[in-house]
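Common to both upcoming complexes is chain A, partnered first by chain B, then by chain C.
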Partner chain A sequence: MKKYYLIIPIIGILYLAGHLISKPAKKWARAHVNYITEVDDHPLNCLNCHLYEKEEGPIYKILNRQYISPLNLTLSKEGNKMYVVGQEGNVLLEVDVTSGKVIHKIKVGEHPHSVVLNSNNTLAYVSNQWSDYISVIDLGTSKEIDSLKTGNGPAGLAISNDNNYLYVVNSFSSDISVLDLNLKKEKKRLAAGNNPTCAKISPDGNNVFVTSRRTLPMPYNTPPMTELTVLNTNSQYVTDRIIFEKAYVMENVAFTPSGDLAIATLIRPKNLIPSIQVEKGWMMNHGIGIIERKEGGRIFQFLLDEPNAYYSDPFDIAITPDGKKAFISNAGVNVISVIDIDSLRDFIANTSEDSLKMYANHLGISSKYVITRIATGANPKGLSLSPDGKLLYVAERLEDRIAIINTDNLEVSGHIDLKGPSKITMSRRGRRLFNNAGRTFENQYSCYTCHPDAHEDGLVYNMAAIGRNITNVQTLRDIGDTPPFKWNGKNQSIHKQDGMRFSKYLTRTESFNYDDLDALVCYIRTGIKDIPNLMYNPDENLTPAQQRGKAIFYRTHDNFGNEIPASNRCYTCHPPPYFTNLQMADVGTLAATDDSMLFDTPQLNNIFASSPYLHDGSAPTLEEIWTKFNPEDKHGVANDMLKDQLNDLVEYLKSIREADYYVENPETASDSLLSYH
Partner chain B sequence: MKTTNLKHLLITALVFVFFWAADFEIFCQGTGGSFKPAPVPTYGNWKSYSKKNGLPADKAYCVRIDGNRVWVGTSAGLALFENGTWKTYTVDDGLAHNHVISIDVSELSGDLWIGTMGGVSQLSAGKFVTYTQFNSGLANDVIYSIVCDGKDIWAATGGGASHYDTYTREWEIYTERNAPMHEPWTYGVCASEEKVYIAAWGGGVIEQDKKTKRFRDHVDPDGEMEIDLFPDDGVVHDITTAVSYADDILWVATYFGLSRYDGTRWKGFFDHDSGLASNFINNLRAIGPVVFLCTDKGLSSFNGESWVTYKKDENGTSGKVIYRKGDDITENTAPTAIAHNFVIGVDVKGDDIWVATSKGVSHGTKIK
Partner chain C sequence: MKQISRLQYSIVFIFLSFLAISCGNKIPEGLVILTEISSDSPDNIVMDNFPRPRIVAFNLTKSDKPVKELTADFYGAQSPEISYDGRKMLFCAQKNKEDLWQIWEMDLISLEYKQITSGKENCSNPAYLPGGKCVFSKRPENIVTGNEKALYVCNLDGSGMQQITFHPHTDLSSTVLKDGRIVTVSTQLYPEPAKPILMVMRPDGTKAELFYDLPENSKFISRAWETPEGMVFFTETCERDANKGNIIAVNQNRPLFTRMNLSPDTEGSFRYIFPLPSGQCLVSYRTSEKDNYGLYEFDPETKKIKEKVYSTPDYHIVEAVVAVPRERPRNLPSEVDESKKTGLYFCQDINLTNTSSKNNESKKTNRIRLTGIHGSLGKATVENDGSFHLQVIANTPFRIQTINDTGEIVNGPSAWLWIRPNERRGCVGCHQDPELAPDNRLTLSAQKAPVLIPSLETLDDEEHIVE
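Coming up: the complex of A and B.
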């Protein structure tokens, strides 16, 4: 009994204390959330930020799941087996099409991208985009039996008809590896467009077409031009570089069965006119590029969009064996657009040359060749047709399943569940939102559109009035701990960056509701990993040039022995692990058309993959930051350097890896606090 | 039967004699029969191109044969000769600079690498990509020589030798700071299977071992700048203008004579004691056992034993072909000649030779 008497006053004291502190605590929490979200009515849900946004550790593991995320797929020549690349699961799934069951789960490298089979279907080749090699899979034993080294970021694959050569698109090093499959080694590497992604071999086997996503380096403030690279399989030389003007993000290409046409998916950005044009249908358009494959053949671009309805982020294209229909996955709006190719041909044949050029921007003509749109699950990506063309298989990336579409009645006839996690985590929900254009005016674009693979698209945008404050798109890779955001540093949090102001100024439609906003922020903070820098720092051992460049990066004295003011040394503003001090700075690059402002110091992790540079993208290469845009040494003391020293500095900058590496290896930074000799 | 065979034999012999005589006539061109067959190929039937008939400028700096195409670097752009017609690429097409000084074709990629007075251009499948000292790691924009060596591109520039690895995208610069050079000015570069050779102004030849990346230099040991004091003691002069490697021989051009290096011994050649047209050698190119030498007084070719030199008559279109082996000199007249005696570039492939001169480019064919 006595014990109970003791408990009562304790409870009383606790209640009183709670009552006394709850109000100020709530007030503090309210102020904190208001600061983070920049609104005053965001629910006080501590867990959303302080639990779900854990980036590692046991809580992260409990709350998150390892999804499969099917990206690309292919069918066996009999059509009874399907091979699906699980991009997040790092697997190749072998699926029995008849039973709709996954029968083998084959471990491959990091972040696999594509799969291709040899002609007798005994071997599968899988490109591992984050491991820089090809997994060779014995389809008899369903085991990886070999690996073939490639360039950086192997993505699209094409195999020669005689099975002797594999053409590998290296998406990060922007070239094509020609692999000799008999010698099991790279024969040569050929330059491709910028950030190439897909390879398709022509029906006659004579050419490989390689699409690319980023624009070629262009003079400042000019529209993008993106390359489709044509490789001759006989000479194994690049014989043509077809330029698509005012277009980019050409994800995939397909040939008609006769090979007379090649059709590629693309996006037509209007990045140099004010972004308020989104309301007029002029921010982003989504369409196809058509190449006539004959002497003097023409190139066309047509839209898949309609007035008041946009079909964002076209990804893959598949053409039926009879050449009558083309299917295009519109990953941002969860539909498959179906094109009647005969209607497309008639339209081209009966339209004047001048009109054809104009139609590249015409929202009203897609009805002439798009016959229907088929709804799918979240984020449809890779497509594959059954050998008879009766069924279309669609990789629903963010559903972990394959949709089956009947190509006669153009309806979804079923699904194949790839047996990914059943739980949809907050981060996964955020990822779906990120990849979906539903929150942009008339579905014009998704976050993914300007941030493909959660990176950046290499363009500059006119975010304000005409010609004012031209802004270079920044990467979203591992940005969670690098506030403030935006070049002008006005957003102290991702909540603010993607909240009300975002919809008001950019998407021009309803803003994300708070649950969705929390989920989107959760994905951005926890779900976007930086790529491994296998191009310039594959084994953590810096080259001699990189070591010399590192010493320059950390130098305290110039070539003449003068001490460099601390504020003007590289590492002062760009310290590891993110290589930013999270402060604002004036580096002398403010343009006459910019508002007066300081710039947020950007992080430098994997900076090699983020050209162009500076806040307005005026420096196409790292070198030009210092050879052209640093006349007064405001962006670090650099004008004393000889050219070979600048080369060394650039080599070091290109070697900078993901932030985690410097967190786990702090000595890599501290050991370089030495003076440069 | 026997009569028929005899007839056939006679006819065959007559045909042989006829062709031999015709051949002989072509080469001797009235020299009275003292001709001795030259061991190096002889070219003739010269046809020249200048601004008058399609070349963008008279001054041609370099020439490169690329299958059925011929590329010529001029002072007004890059000229392409294909199917009998000329096409010109200039800065308007994306070329780095209109003064095109050096060209090489990559066997690996088929791409053309072009050295200009304003940087390096890569012409791939009809599209130019330009590298300058401002937008890349290129040492300097004045490119005297460019060479494709597999995936590696080497450029001799006014600010050092530049190496570009097309796979890793790394640029390296070699100057007097990190190589045994006298100064950063480099004039020529070539590559063998194991080594890279750089003609460095005032520094002789710089040799880099590809595996170890280590350098060694080849200079004139006598150090004499006016004459080659001690013959065959090394490269004939420290001021070198071009290098070319073929058949295990390194050939080095200077403004003071020619050097031949077999990996062990040096041998010098001069206009006063050999068939060399002039000691002032602008450029050279070794093709198999033969080296072609571009001098200010004509084009010479040499295989280590015999010389053939081509000169244009001062007035007129005819020329001379001068053969020399040891002390035997034979001078023949030729109905056609190279465009000008100031020869700057040359390339040979199969039976075709193209010569870049200060007054146009000339195409000749092998006649023996």
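Coming up: the complex of A and C.
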């Protein structure tokens, strides 16, 4: 009995101890959370950061799920089978359309992008964007039977009418692989626009149109220009490079059945205009580009937006077999915009040339041709019509679901569940927020708009005072462990970066509530993987030039034998694995229009994919960082270098891979340091 | 055992008490709140200054509809607006005959009320803003005609009052859109009266712009309400018959060009509309001028009057709302910094007008003049590409005139504008198509420091301008 009495003082002591500890602990936690979030009322929910933001390990595996994330899809010629590319699940799903069931799940390469079928529907070709090959799937056995090597980052696909050639858009190396399907090898490679993404073959089979997403290299402070590459399938040469002025992120293109028009999705950014307001379309406009396919054919751009409502991130386009309607997936606002093509033709025919040009910026003109908007689930991406054009299938990427739309009554008639995980993890919720424009004023842009594929859009913006502090958009790939954020390093955490000031100066609407902010941060920290650098460092073996460049990167003495001060050596500020020391620095690139500031040292992982360079994007190439913007050797000692040495350094920089590689292979850095010495 | 059963009884008692209290705290479903004004009131009264109005309530679902006066303690009360949770009501009222009109809030369960404003001017037309604030109309301090009314915002305890509109207009009957902006009926008074318009702005008074333009010879006779589907409904007088009120709908996505008259074929007159969550509307309507305005149900799809909901021989029903929860609008962040004295105004191309994409050379503007209430505030040179970039004194009304190289006024003066402290605001051109987004190009003025207005040489060369 007495033993029980002992429990009372023990409990009392524990209670007192707890009481004594809890107050200072809570105070410490409050100060910590206040520091991280830069607000004083963010809930003290330790799990949101310390559990859900685990980037790897068993807890990560328990809390997270492998989603399918359907991106693109196509139907068999009878319309009874659907083939869906699961971008995150690395699968091709074969769906029985009648029963609405997934009947086969075929493993493909990493991060697949598109699928096409041969004309008799015996084979499917799937582009694997992160593993640089095409999976050839036997649709009789539903197995991968072959793989075809491509250029870097294969994305859009088009197959010739005779099934002899596959045209593969290489999104990272910005070219087009012409694959001979009989010989099973690449016949030739043709230069495309910058970051091409989609390939569509014309109804007559004579042309392949290839859209691209990033602007061509342009002089500083000039508007973006994006190329649509036209390839002749007979000569297999590029016959035209159609330039869309002041537009970019041309994700997809479609032809009318007669082939007289090609219509592409696009975004018209306002990056050269001071970002002083969102109202009246001052930040981003979303629309279509139209190409008249005839001698002397014209090119138009029109918007899908309305004066107080924006339809951000148009992705795919599908045109009905009768040529009457076009459907466009607006991935940022979860709607399908429906265009009446006859109205569009009438509008073009009855409008003067000057007015047509002016209408590229007109927010009211969409009422002439957009007949309705159909609501979908999260992040509608790829579209495919049934052969009779009666049904439209929509890949709802962040729902792991296909929506079915009746093209007569323009209503959603059902869904096909792709059987992804039923649980919506915190990271997935954050990804939905990232891809949705609902948290910007009037839905004008999502995080994705300026950060397509969570990367950057290659543009510079005037976000601060008019004409001042021009800012180069930075990648979000694998940035979780590289604080501080922003070029001026003013944000010590992503919570602060995406918090109140973000809403005040960028999104201009109600800020994220704390649950949503935690989810968004969780996604950015855990859900954005860096791409494999298969272009410049495919097999971990550096080329001789890259090896020489690496030695320069780690050098301690200049060409004249003088010791380079430690603070002015490349690797001091850019050490692996992220190639940043997370410190602020003055590299002598402050412009006259910049406020006085130091710069946050940027990470260099996959730097090859992030042009232009420097905080204001003034260096179009890596070379120019040192040939033009480093006259006083403030950005590392470089003026002693010969041209060949600079070339080698640049080659090495382009070879820098994702951070994980250097975490797993720390010796790669130390080896080079030792070998140099 | 006895103890246990006592405990059980206690739990049951507490539960029932809680249930009873919960039931008592619920707003009756279908509670309609409306403003009545005497049937003797003159017919031409619109929107404001009703003679001795009162706010009453009845239950829509009860067949006998017993009416309860909610503002019996007041000499006059009107303009009810229900909070987002459906539990409270803002209204403006005059406690005693000699008192000023002030803004009040009433708890619809306890019917207790509290005074929000207590200024030296009449306050009217309150509307809830997210973030525990409200917007209302009040005579501002710096007035020109004596009749101006500006919009003010304050917290629901009356603190933090701020004027947000700064032009010689009356700004009345505000509504908060789902996107967080305020729509108000705004009528220019100076230098000459102009027809009313609907203006839209952020709750800090920034980015004010035209929302809807009335046809000639029409007047607004009610505030606007946004439906859950994004339509904006209001009533305006018929262009041909000032005694007939029509129901007008515009699409919030494109309000300037989507006007629809929902009552073109209906005999009689409408003076108020309130959209119900069901998609139907409550309207204040009468069949002829001999009748009083009663409360009816209206179907905006079929454009037909349905059943009469309520009427009384002694009163016109002029406003009606239903006490139900509704979607809270976005709580917009503010860029206003009251410690700053100026804001920035940026124009991309002053030569871009509505009539043509570029004026001819003789019409080309190379200077602009900003005029305030009491004369010129200053001039600025327009860059060769038509752009200008100004740093303008905040909270001060101004209009812009464009001037060519011979000193002739090319365009203007514009409508009254104002800039809030630290606001950054842009326009595409001068009287340009209001649906035109800016062209993506770097302008010359964006690469230079702004011109300060008013400048030191404000009045130096007035003589060069040919009026």
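As a working rule, the second predicted complex is superposed on the first by the 671 of 677 C-alpha atoms of A that agree within 3 Å, B and C clash if a C-alpha of one lies under 4 Å from a C-alpha of the other, contacts with A are read in each partner's own complex, and residues count from 1 in each chain.
Convention: a residue touches a chain if its C-beta (ideal position, glycine included) is under 8 Å from a C-beta of that chain, and two chains touch if they have at least 3 such contacts.
Computed from a prediction, not measured in an experiment: that's the story for all the values here.
K.L.:
Identify whether chain B and chain C fit side by side or clash on chain A in the overlaid structures.
P.N.:
Fit.
K.L.:
After the superposition on chain A, what angle is formed at the C-alpha centre of chain A by the C-alpha centres of chain B and chain C, rounded to the nearest 10 degrees?
P.N.:
Value: 130 degrees, nearest 10.
K.L.:
If we overlay the two complexes on their shared chain A, which of chain B and chain C does A:N308 touch? Say first, second, both or neither.
P.N.:
Second partner only.
K.L.:
According to the stated criteria, A:D146 is in contact with first (chain B), second (chain C), both, or neither; which is it?
P.N.:
neither
K.L.:
In the overlay, work out which of chain B or chain C sits against more residues of chain A.
P.N.:
C
K.L.:
Go through the superposed model and pick first if A:L363 touches only chain B, second if only chain C, both, or neither.
P.N.:
Second partner only, chain C.
K.L.:
Who does A:E510 touch here: chain B (first), chain C (second), both, or neither?
P.N.:
Second partner only, chain C.
K.L.:
What is the contact status of A:D240 with respect to chain B (first) and chain C (second): first, second, both, or neither?
P.N.:
The answer is first: A:D240 touches chain B but not chain C.
K.L.:
So, does A:D660 touch the first partner chain B, the second partner chain C, both, or neither?
P.N.:
A:D660: touches no partner chain.
K.L.:
Between chain B and chain C, what is the tightest CA to CA spacing in Å in the combined model?
P.N.:
Between chain B and chain C, the minimum C-alpha distance equals 20 Å.
K.L.:
Taking the two structures together, which residues of chain A meet both chain B and chain C?
P.N.:
none
K.L.:
What does chain B use to touch chain A in their complex?
P.N.:
108-111, 122, 124-127, 129, 133-137, 139-140, 151, 159-160, 166-173, 175, 177-178
K.L.:
In the complex, go through chain A and note every residue touching chain C.
P.N.:
221-224, 246, 268-274, 276-277, 279-282, 285, 303, 305-309, 354, 358, 361-365, 367, 441-442, 462, 465-467, 500, 503-505, 508-511, 593
K.L.:
Could you list, by residue number, the parts of chain A that touch chain B in their complex?
P.N.:
151, 173, 175, 188-191, 227, 229-230, 235, 237-241, 243, 535-536, 543, 545, 620-621, 623-624, 627-628, 642-644, 646-647, 650-651
K.L.:
Quick one: which bits of chain C touch chain A in the complex? Just the residue numbers, please.
P.N.:
The touching residues are 130, 179-180, 207, 209, 230, 252-258, 330-335, 344, 346, 348, 357, 389, 424-426, 428, 433-443, 446-448, 450.
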